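Please read through the structure below; I'll follow up with questions.
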Amino acid sequence: MIRLDELVQKLGGELVGDGSVCVDRVATLDQAGKGDLSFLANPKYLSQVKSSGAAAVIVGKSARDALTDRPRIVADDPYLYFAHVARHFNPPASVLGGVHLLAAVSCSVPSSVAIDAGAVVEEGVVLGEGVHIGAGAYVGRGAHVGANTRIAPRATVYAGCVLGQDCIIHAGAVIGSDGFGFARQRDGAWVKIPQVGRVVIGNDVEIGANTTIDRGALDDTVIGNGVKIDNQIQIGHNVRIGDFTAIAGCVGIAGSTRIGARCMIGGQAGIIGHLTIADDVVISAGTLVTKSIRQPGVYTANLPVQGHADWVKNFAHLRHLDTLVDRIRALEQRLEEREQS
Amino acid sequence: MIRLDELVQKLGGELVGDGSVCVDRVATLDQAGKGDLSFLANPKYLSQVKSSGAAAVIVGKSARDALTDRPRIVADDPYLYFAHVARHFNPPASVLGGVHLLAAVSCSVPSSVAIDAGAVVEEGVVLGEGVHIGAGAYVGRGAHVGANTRIAPRATVYAGCVLGQDCIIHAGAVIGSDGFGFARQRDGAWVKIPQVGRVVIGNDVEIGANTTIDRGALDDTVIGNGVKIDNQIQIGHNVRIGDFTAIAGCVGIAGSTRIGARCMIGGQAGIIGHLTIADDVVISAGTLVTKSIRQPGVYTANLPVQGHADWVKNFAHLRHLDTLVDRIRALEQRLEEREQS
Amino acid sequence: MIRLDELVQKLGGELVGDGSVCVDRVATLDQAGKGDLSFLANPKYLSQVKSSGAAAVIVGKSARDALTDRPRIVADDPYLYFAHVARHFNPPASVLGGVHLLAAVSCSVPSSVAIDAGAVVEEGVVLGEGVHIGAGAYVGRGAHVGANTRIAPRATVYAGCVLGQDCIIHAGAVIGSDGFGFARQRDGAWVKIPQVGRVVIGNDVEIGANTTIDRGALDDTVIGNGVKIDNQIQIGHNVRIGDFTAIAGCVGIAGSTRIGARCMIGGQAGIIGHLTIADDVVISAGTLVTKSIRQPGVYTANLPVQGHADWVKNFAHLRHLDTLVDRIRALEQRLEEREQS
């Protein structure tokens, strides 16, 4: 429970209306009730503010005076402000140091570190202060886990990998499995190339559930600071990802590709191997990138969905686009000839 | 081992031929031998019935008299009938209550519940009768697991999530990991928004191996009754899925999208966030949905595969389709002018 | 540490230059330093050889004499040669037999087998010599694991599945979960069809992190010898994959599809169910295969990525391609008529 004027004192912004109003939760406009602070991130939902049961609302400057009857906090970026309020009401659970009897730990453990039941931590692992290793998680020999990093249940960190501070590794994520590296014999059989690089992850990185990041073949796979990686993502060996890049679910990034800083990669996008993607590139959902991208900007390649019958009618022509272009060229020539005659 | 006439008495359908024939297994037409009951779901495989070694066959009404020499059960829907027979021969393993010595359980456990080695069940978890928690599975604080639900080895249920009755959660599935919610600062850094909603799953839901379902940001992520979700699927925060919808492997559904009842979503399809999909919508494999779908029907957007050389020839034109349309328009005008002159 | 002349004696190839030079590591050209052996697999990087700090280089015949100042090994296939050298320097860790106190093992275990903490191995499992079952891995009742196969931490093998010799199953992989098999009732509800087949995997197979392979419905799902499967892949029930086929990350293969030998399937490709893919087929990244492929060759269907504005301009026409073709046809007729008049 906090008064609006106290909140503004703490987090900034301009208070309009009754500062003695108390809030103790954040909620969406349509779900909010008594004691809830809501937010208007997109002006098109302005009408929802009126019907909302929220005790108060965070708004942008353009909506400052549109709402006359409700206390509000005016912020430069209402969504960012909401994020900070939400963090105020929901701080991360504090970590109670201690090793569960059913954990198997073979390294030294600072007293501030918690290791839960079923976790296995191998020899030579280096654990920072305040680390939390969840139930059944695995940390392989010689890995480093930075201070305050939380590894969720059933996540796996292979030997030798390095995680920075304040990271969150979600359940089922696998860090440092072998890259897909084979040389092919003449008879078609594959000879495995030992994958001896590491995965090196910066600070404040979040890695989603069941995401996989392969260790490097010879050099390392490197994830920069502040990178956010959603669920079900595959990152191949020797990929390098720049600071603050965010990657949505189901993306695949093939080996040795380098991605710049502050990129945003949409869900189910794919990037083939050995490419370079510049800083500040945005890739739309479902887009397969098969060439390097050297300039910032938004890049897209996906198909308009249609009713199936329309799709059958239209998309069959894709197989014959070249013939179609030939027909247009022929028409142009024939018309040219007639016009000149 | 059961006689055909007993089977018909139990499951319905019309028996044609010798009812004393015994069967004790179901098998495909080409693999079936003595004692096997097979089925003909698609009339185009009728010829296979003749060569099959099956002791008897389940057929539809149209194939009732096409086979004169073999006992058969005539059913409205042979595939559905086969499903019921298969369930008769292969009932789910019964659950033997008991908690393994190497499980770490911090809640009360009904005597009908089995918890296997390496499983971790936290405080405040509520377990229904007949629940089976597999080896190394994790159920977080305060989660509810409905009666007879089976959680396979290595599945993870985060704190506070709710599973209905008679569900199956396959190995490696992750229920309730954090949604991908961040607000962006001006410098590009991301501020994590605490994900405080739950995942609420109805009755008779099956969730495939390594599928991930994120918890809601503020409200819940909701999966209806009878929903079937295949492997490797990602379901974002605050998604809502209606009853009996089935989703094939590798699908991604982004945050806050609402999907109706009885939909069927093909493999590797994707649906971006904040959309509404009506009831009874079928989405073809590999189709990316980027707009809401308001009417039932089949929707498709995927590409015809070609030999690579043909593809190169044809698909290069996609980058210049607009120019192509301009050329057609120009041709039409020039021809118009000549025709009018 | 090995002398170049000893290496050539062991692995073949032609030594050019000082055979007494010693190497103890492999490295890429740009990272290599003293004591490192590097390789030139692609002649276009020839210039890098000059600037490299590598003590020696593996080259192909065409580059034999292009480098006058550095010891080199000339090999038919430099990349394959490099693979063998890398294996010489990085042999697989030897397995120290023994069962960890916190493992739950209910079958007999040869003394050469290692089972790590948190692993669960059920009754009736048959383990070959030298098997390594990683921390927290699960092997279900009656499964077979061939000699020298390594199961990484947190991998799951369901009951009854069969793994050949010398396989590697990476962390989080799930072998033998139920296939996605349901019959639909008239009211839309799904009746589960028991999945009673197995997964049968040949020798020398590698299966990537968090990959899932479903057990067969009635018959088995079969993976041939020497098949290499990357991370995050979904293989449906009753799929059959021929020897030495390699599948890159994020691929989905739907039920009952048969894939030939020595195929290569690019990342994020998909193959729908009940198809047949011939031997020696190469499928490009991101390609959805919706028809059987009967001839060897390279097959592709993906879209050229564009700047978003260009994409909007060009791809909108895809919805009207059929109308476009009609307009071209009309133009042809009108011109025909004029030319004949």
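As written, the chains take the letters A, B and C, and residue 1 is the first residue of each chain.
Keep in mind that, in the parts below, a contact is a pair of C-beta atoms (placed from the backbone, for glycine too) under 8 Å apart; a residue touches a chain by one contact, two chains touch by 3 or more.
Source: prediction; values computed, not measured.
Both copies, chain B and chain C, contribute mostly unmatched positions to the interface they share, with under half of the numbers common to the two. Per the C-alpha superposition, chain A sits rotated 120 degrees relative to chain C, a value rounded to a multiple of 5. Rounded to a whole number, the gap between the C-alpha centres of chain B and chain C is 25 angstrom.
In chain A, the residues that reach two or more other chains under the touch definition are 102, 118, 136, 154, 172, 210, 232, 250, 268, 302-304, 306, 315, 318, 324, 328, 331, 335, 338. Note for the complex: chain C touches chain B at residues 102, 104, 118, 120, 136, 138, 140, 154, 156, 158, 172, 174, 177-178, 180, 182-185, 187-194, 196, 210, 212, 214, 218-219, 232-234, 236, 250, 252, 254, 268, 270, 272, 283-284, 287-291, 293, 297-304, 306, 310, 313-315, 317-318, 324, 327-328, 331, 334-335, 338. Across the interface of their complex, chain B is touched by residues 26-28, 31, 77, 79-80, 82-84, 86-87, 89-90, 92, 100, 102, 116-118, 134-136, 152-154, 168, 170-172, 204, 206, 208-210, 226, 228, 230-232, 243-244, 246, 248-250, 261-262, 266-268, 285-286, 302-308, 311-312, 315-316, 318-322, 324-325, 328, 331-332, 335, 338-339 of chain A.
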